Every structure is written in C-alpha cells, then in structure tokens.
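These are the structures, in structure tokens.
Paired with chain B in one complex and with chain C in the other, chain A is shared by the two complexes that follow.
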Partner chain A sequence: MRPRPSPARNPYWRFLVAGIRGQSAYPLATLAGLVANATFGLLKGGIMGAAVASSGGELAGYTAATMAAFVWLGQGMLGSVNLSGRSDLQTRIKSGDVAVDFLRPVSVQAAHILTDVGKGLFALLPRGLPSVVIGVLVSGMALPPDAAAYALGLASLVIGITVSHATMYALATSGFWLVETRGVSVLYMALSGFFTGLFTPIYLFPDWLLTLALLTPFPSMMQFPIDVLSGQVSGAAAWQHLGVQLVWLAVVLAVGHLTTRAGRRRLEVQGG
Partner chain B sequence: MNVIKTEGLTRVFTGRPNRKDRFRRPRHVAVDRLDLIVEAGESVGYIGANGAGKSTTIKMLVGILVPTSGAVTTVGLHPLKQRRALARRIGVVFGQRSQLWWDLPVRESFSILAAIHSLPAADERTRTAELVEMLEMGEFLSTPVRQLSLGQRMRAEVAAALLHRPELVILDEPTIGLDVLSKQRLREFLVAQRREHGTTLLLTTHDMGDVERLCDRILVVDHGSLAFDGTLDGLARTVGARRELVVDLATASGDLVDLDGAEHVRSESDGLRQRLAFDPQRTTAARVLAAVSERVEVLDLSITEPDIEDVVREIYRATRR
Partner chain C sequence: MAEPKRNRRLGRQRALPDGLRAYRAVLASRARSQASYRASFRMDLVGTVLVGLIEFSEVWVLYSATDQIGGFTLAQILLVFGLADLAFSLADLVAGHCDNLPVYVRAGTLDVFFLRPQPVLAQLITSDLSLRRLARCLVGATSLTVGLVLNDIDWSVGTVGLLVVALVCGFVIFTAQFVTAAGLQFFLINGSEMTNAFVYGGRYAATQPANVWPRGLLVVFGAVFPVAFAAYLPVSTLLGMPGLAGLPTWLGWCAPIAALWAVVVAGLCWRWGLRHYRGAGG
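Right after this comes the complex of A and B.
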C-alpha cells in the first residue's frame, strides 16, 4: 500500500500555509488592526444601536442583540476579507514580478487566492476572535443558537473570505490590460463598503439598491456569513445563503481563470 | 537534442501614438527573425548592449512573452501552450526579481518549491543539503528572505531555480551587484552543476568574467539579431579582448614602449602612471610586470579586464561595417 501523501507535499496546501505564516510575521500590524477594529466597532455599535432603539427596538428584522452581532462579527472579519481593493497580484503585474509566478508548474490563480485566503484565515485569530469577545463583553451580542449554526456559520465565513479574495484576484487581472489599476481598486473599495454590509446591513437599503447589491458577489463576502453566524437566518435560509455564496465563488473563479488565460498573452514584462 | 530552437523568432513592441503623429503607433523591433539552436549540455553566454533584445528573447523562450511571429520550442515544448510542463524542466533566475517568499525563512521557500515541483521528501532532503553546502547557505537558512544581503539572496535564488534539477537553466544577470567573492562562488557552483548533471546553461550578463569562466559559446545580439555566434577564443580573435596593466611608478619615466608582449596605451601624470595593453592568450600579467620592473620601479599596479560593453561595441562596429 502506498503511504498517503502528506499535505506538506501538496503545493496548494503550502500556499495556504505560506499565507498564514507570512501574515503571522507582522504581529504589531495585526495589533494595530485590532485596535482600529475595536474603536470603529464601538462607534458603529453606538450608531446602529441607536438606530434600532429609535425605531422601537426592531429595525429591518434586527433587534439590539442581533444588530450588535452584525457590528462585531463584521468588525471581526475586516482583517480577513478584502475590502481595500488592493492585492499582491496588482503590484506583481505592475512590477513584472508576476513573471516568476508563471514560471511555476502550478495554477497562478489558485496560488494567489490560496495565499490571500491563508492570510485572511490567520487574521481571524488575532483580529477576528478578539473583536467578537469585545462585542460579547460590551454589547451582549447575539451568538449562534446551536452547534449547527456554528458549523454552517464557519463554513459560510470561509467561503466568504474565499469569495472576496477570488473576486479581488479576477479584478486584479485587469492589470494585464490596464497595468495601472488604482482606479479599479477605488471602485472596488467604494462598492465593497456598501454592498458587503460594512457600513450598514444591506437589508436597510431601499429595494432597488438591495436588488443591485444582490446582483454582485459582495454580500457573499460578509453580509451572508454574518447572517448565518448571528443566527439571523437559519435552517433552509442559511443553506440558501451558502448556496448563493458557492455560486458566486464559481462565477468569480471562472472569470479569473479566463482573464488569466487571456491576460497572460498580453503581458509585457518590462526590463530584466 | 535541441534544448532551445527558434525559427524566425520576432517580437515587435508597439507604443502609444505620440503627439506629432497621432495615427501611427511607434514600433520597436526588439527581436528580429532570430534563428537559434542550443544543444543539450552547452553553456551559452548571451550578451549585448542594454535594449539589444536579450531579455525579450529569454521571456519568449520561457513563455512569459508572446512572440509577434516565428516559432520557439524550449526543451522540445511550446512555451505558451505547455507552460506547466516547461516549468518543471527549466530553472530561471531573473537577477532583479525574487522567487523566494519574502516573509519566510529561506528554508521554507525551498520546501515550498520542492512541493511545487513534486520532489519526493527524501529527494528534497538530499538536494537541499547539497545546495546548502555548495552555496554555503547554512548560516542564513533560518533567516527571513527580506533580511538577507544581496549576495546571500542571489545564492538562495540560484539554489531555488536549481532545486528540481532542471535540464535547462536560464540566468538573467545572475551576478549583478555581487562582490568578487560572491561572484566567484556562484560561478564555481554553476560549473560544478554542469559537470555533474549535464545542465544546459544560458546566461545574459554584463560581466566578462561570467562569460570567460562559464561559457563555451557566446552569442552577441544587436538590434534583436545575432551579431556573433562562436567561442570565446573566436570572440577574442574578432575583437582582440586585451587586458590592461596599469602601473604606478616611483619616478616619472618616459613611455614604456617596446616591451615584450605588451603595448603602451598612454601615460598619465607625466609618466608616473602608464597603461599597457596585453593579450592574455599570448602572455601573462606577471611577465609584463617583470619586463616593466627591469626598467623602472613599480609602486602599485592594477589590471583591468575588457568591459563587456567594449567587446560588444567592437563586435557591433565589425558587423555593421
């Protein structure tokens, strides 16, 4: 019988771990991120809590406890989900370092996305968990009602992180044509702020804006995982959230795959 | 077997239209109908002025740049269509770019690359140990890449490119910025790898020392096509790759002419410093120095190697004539 190959021999596993380890090399930056998360969390919690209270204790299906969960789970995901619209791939395309990526016998798309997902997963420990703990301590936020909700919530969270980095990857490949992609980053940042549920739950939007948001992958990155983790949706509705997330994941992966293939032929690496 | 084969390989870059002529895009032919065959086991120096088309050729050989026309196969594969298969069989070092993981220890980069190239665990251990010993990397194996000195990083880069024992190694300016000792170590390593594994080498460089110590075939490229293809001896015969002995004398002296095997180039500071050219194929620096010492007292000396730029310029002049 052949011994089972250890995951350490799998390059894609190694990219994920390299992301985790690369991120862990910057503990001070991570701590600074946590402080910022917590500060803005308190601010956001105050505003959203006041909004719920002023509308008689319930707003668009949120109670004070579930709104607090929305705020603090969202803060906890900030270090893990890409909301900045910037990625390593952008700089590597611009500098030409992406040539090195193409000289490896692996999928460039998978390598980049897995490294970023690795960074995102690592950030859950020093930034995600403490944010949730602060949320529980200061606001009495709602927690998942049962073990199934935890399991589904975590799955939704991991898919959400992956959707965000896969989307960013696909957008970054525009650099094969544009070279300078700062404009794309700004557009992504503006859209993601509203549509991921960073500022407010998307369910507070007027119908037309909500419809628009649901036509993008952004809600699958944060809003849906938060819905599932906070118990705001459960049972069939939670499964439906996961289904939509997976569809978006497939879509952005397919787009990224095609743009990588086409973009590679456009690549003009400058200099040596 | 042909490790590299190009037929009519051409790459044209088109820029943006400029103000003067809005309707025409400026065209720059970087590589011009290049026909090239490199056989297994050869060690080829690919030299030329900046912008002559060296890097553009290499990028097409490894599949990161699409040719405008012509054909290219590398280790018998189509570089664009068979990217992954090709990547398993070649190793590439771009002196200016890193293939290591910036935040991770050197050791970790090697280990990830071993997984990428599907090296079995035992093989990974022996190969890594071999490279660490030959390139003297033991002392910085646990250091994150971002903390390495340039010399250390280049050794790690070369090791990373050779970890999977590629049959073709392409080095783009591998010794750029390195001190004499680091250069020497790297060259000795490459010579040994070639001897042991029959690795085919293709390197671009601005360093004549690299060419002299590593290459048995030299290609000079000018405006995207070959201006010279031959041996180092052939190159020296074509351009007369002479060295210069610079001597500082104790007292001013007249021009040192009629020396055996050396030719007076010029005198400076009223004859206190004199430059003498000699052909290393015919005599040695020691013999020239001995001849000088018979006549005058020498305080200090230095030897300048011909710049690759000079050699290239000579070739260009000879072929454009």
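Right after this comes the complex of A and C.
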C-alpha cells in the first residue's frame, strides 16, 4: 500500500484551492462580470416587479419582495453555476490534452469538477455578495427569515453549484464520441437557463412545462437554492429540496463516471 | 464538362471588384469549415433555433401568467419582441463575432490584420460567418409576423414605412453596439464581459416595454445605448399607445436619429481603441 498523504497535500483538496486561486487572479474580469450582472438584474427586476404589480401584488406565490429576492439571488449565483455549456474538458478532449489528465494518478472526473466548484465558490465573494447587496439597496428584497434558513440555504447553494458542474462534466464527456461539442453546448445553454429559473421562476410555467422542468437536474442548480435562501420554502419543504438536489447530484456523478470509463476506451488522440 | 463550369465560376468572380474577392473567398471557407463536423453542426443549428424559441418562451410564460405588463398584452409584446429580436439577429449575423476580439488580441491574430491592405474593421467583420445565426432570424421574423396578424393595425403607407424604418434602424443600432463593444475591448481584454451589459443586456432591454424601467435604465437604454428606439418606441407609435410618460407618441419616428447617434459613438470608440492598440508582442 502507498503511504497516505497528509490532508493539505491531498490532490483533490488542491484542485479545489487551485480553482479558487485561478479565479482570484483576474479582478477586472470579476468587476466586468459584476457590471453585466447588475445591468441584467435591474432589467429583470423592472419587468418582474411590473409583472407582480399588474397581477395585484401577488404572482404564483411571489410578492414584490420575494420576487426581488428571486431576481437578485439568481444574479448572484450566475458566476458560480455553469449555464454557458462550455468547460475546459471539452477543449482538452478536442485538443487531445485529456490524455495527460488520464496519466495522472487521480480521478479525472473529480479533478475537473472540483476545480470548477472551486471557481464557483470563489465567485460568490466578488460577484455573488455584491449582487445581493445591490439587490438589497435598489429593491426591498426579502432576506432569509432566520439562522436555519441561512444554514440550509448555504448548504443548498453549495450542492446546487456542485450539481451544475457535475452535470456539465458529464455532458462534456460526450466529446469522446463527438469531438466537436459546440452544438451540445448551445443546447445545454438554451435548456439550462430556461429550466433553472434564470429569467422567470419555474413556478410561473404552465403545469405540463413545470413537470417537465422538475424531471431535469436544472431546478436543483438555481431555483431550489434560491427558494431555500429566500425563505420561499422552509422547514420540511426546504429539506425536501435538499433531498432532491442530493439525488440529482448522485445521478449526474454516476453518469459522468460511466461515460468517463467508456470514453477512455474510445479516446483516440491524433498527432503527437 | 468541368471546364466550362469552372470558367463560369471564374467569370463570376471576375465580375466582383478586386477588393471584395478576398472577402468572398474568406467567407466561403468559413462556411465550409462549419459544416464539416456534421453531427455537431446539426445540433448547433437546432440549438440556435432552440435558444431563440426559449428566449421567446420566457416572454410567453411571463405575459401568459399576467394580463398585461407596462400596458402590453401578449399579442402586443409579440411585435416588440419580434422586431427587436429580428434586428438583433441580423446584427449578430453581420457583426456578432466582434465579440471574439479579445481572443484575437491575446492570440496575436489581430496583428495579421494590420499587415493586409484592408480596413481592420472590415477584416474583423468578414473573419467569420456563422451559418447558424441565419437560423436565429427565424424566431424573430415569425414572432413579428404573428404579431402583425393578431393586432388590429391600421395599415397604410405610414405603418409600413414605420416598420421598415424601425427594422433598419434597429439593425444599425445593434450593429453599432457590437462595434462599440469591440472598440472598448482593446482596453478591457480580460474584462470583456463588461460590454455584455449593453450588447446582450441591450438585446434583452429592447424586447421589454421601456415604461417599466427605473429612470437610470431609461437614460442608459433610451439615450446612451438607444435600444428603446429599436422596437418599443416604434411599436408604441404604431399601436397608438402612450409610450413613455411626458414624451410625444410620435417618438418612434425618431429611430433614425438614435441610429445615427449609435453609429457616431461606435465610430469614435473603434478609432479610439484602434489607436490605443500596440500589439500583443507576439
């Protein structure tokens, strides 16, 4: 048996830290993201606020305050979840660099997902928090009602970010068969934004569409964490949200594991 | 058999002015390269139409869940969405890849453009032709057509004129936003997302009734980046709706002034950016 390395030298921990540090190296990029976030937030807040007002102050269970919370918490999460459908793995498969990843004595899946989760967690500080602060300042957005809501909300948020990157990883492994996965990315970008509750809460959907959305992992990425964080659901319902998120996390991790194994046998790197 | 065909093709190419032939060859090669990974290209096309459909669905979900927003019903907002989306899609087809400028700068590709005897902006614009973006125009065009059928429009030369003016000016305004963004990219490089705020934020803003915006947004998207003139104001004029509080209903006819302003800003930003550029040291 090989000797076990100390926890701080654990390669998986270091992938997470590398993700965080990589992201902190570009402060201007972060500021730029915040400006774009805030502009979209103001536009979204304007139209959603008007929609609630025109329905007599209540729309699909949302009041003006909880709708504002939906908008600004969502804007805050944008830098942390992957809704663009692009990932490093796609580029590495296409260029053949992924062969090097397979040579390393660590799990390719864990390494990629942890690096992305690290980036996502870091983004909460310079992009997530300021978005929420702007939301609090410009709109009377609802805040979590008690400490339990904060704790559950944060847990839900971290699981949501992980579900997002684990799903993206599984999707990117399609590159082992397709090589060029830009089309897959576009499909993912279109569906994820809609079903994750990026522009309208999924509870505004007609019933059949809501059912369809709930059959995908997308609500687990943003809508559920927002529900829990904003206190829109609490108690048993909040725990139920977390449970569903964990089930989806297990599903997408398992899919990613299987496709990595199958894809590794299929991988053919050209050139040298 | 092949010979006369080839001659005809050569003949047609000769008919083009020398300066344009190079652009044509570049654009044709871009088109061919995209279709070569077929599975992905097909998915790309489907995905692009799907993106458009989903952007439309967001509007549909929101206006179906309420009676009206900002005085606009679902049928009326179809006109705003259709006009804005079609104008933006056309602009995206022509100038959307200006977004890639930071990549070109970092990779040193842009330096090559300076060596050729053609304007850098013209080369940048013809450096890519996304076939999938053609498919994107379908959604906006359909929405606009359905909107024109559903709404009770008093057809006259004036109405047709207003629609044409709005579409052309919307296209010019959005194209100008892409070029403005490209000019600013010379300074931003790593902060390229900043310009998304007014390019893609502008597209999103253009599909909304502007009277629901707070005053700050009205200044940004009504005057500085005048996307409110691309669809909302012309449609308000068309339907005889009040439009923005305190402003006349004929404001929609002022779209050409807004377009001119957008072009001037784009021209200044592009020149300023280009002069600032000192190469990436590649």
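Basically, the second predicted complex is superposed on the first by the 265 of 272 C-alpha atoms of A that agree within 3 Å, B and C clash if a C-alpha of one lies under 4 Å from a C-alpha of the other, contacts with A are read in each partner's own complex, and residues count from 1 in each chain.
Assume contacts are C-beta pairs under 8 Å (C-beta built on N, C-alpha and C of every residue); 3 or more make two chains touch, one makes a residue touch a chain.
Everything numeric here is computed off the predicted structure, so don't read it as measured data.
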item	value
Partners on chain A (chain B, chain C) - clash or fit	fit
Angle, in degrees and to the nearest 10, that opens at chain A between the C-alpha centres of chain B and chain C	90
Contacts of A:R104 with chain B and chain C, given as first, second, both or neither	first
Contacts of A:G96 with chain B and chain C, given as first, second, both or neither	first
Touched partner set for A:L210, first chain B, second chain C, both or neither	neither
Touched partner set for A:G49, first chain B, second chain C, both or neither	second
Partner chain(s) touched by A:V255 [first = chain B, second = chain C, both, neither]	neither
More chain A residues in contact [chain B versus chain C]	C
Chain B versus chain C as contact partner of A:V244, first or second or both or neither	neither
A:L143 touches, of chain B and chain C: first, second, both or neither?	neither
Chain B versus chain C as contact partner of A:A29, first or second or both or neither	second
Minimum C-alpha spacing, chains overlaid - chain B and chain C, in Å	12
Chain B and chain C contact sites that coincide on chain A, given as residue numbers	26
Parts of chain A lying in touch with chain C, wherever the complex brings them together	26, 28-29, 31-33, 35-36, 38-40, 42-43, 46-51, 54-55, 59-60, 138, 178-187, 189-191, 193-194, 199-200, 204-206, 209
Residues of chain A defined as touching chain B within the complex	8-11, 13-15, 18, 21-22, 25-26, 96-97, 99-100, 102-106, 264-265, 267-269, 271-272
Contact set on chain B toward chain A in their complex	13, 55, 59, 62-66, 80, 83-85, 87-88, 90, 92, 94-99, 101-104, 108, 111-112, 115-118, 121, 144, 172-173, 204
Chain C residues touching chain A - in the complex, by the definition given at the top	37, 39-48, 50-51, 53-54, 57-58, 61-62, 64-70, 132, 188, 190-194, 196-198, 200-201, 204-205, 208-209, 212-214, 216-217, 220
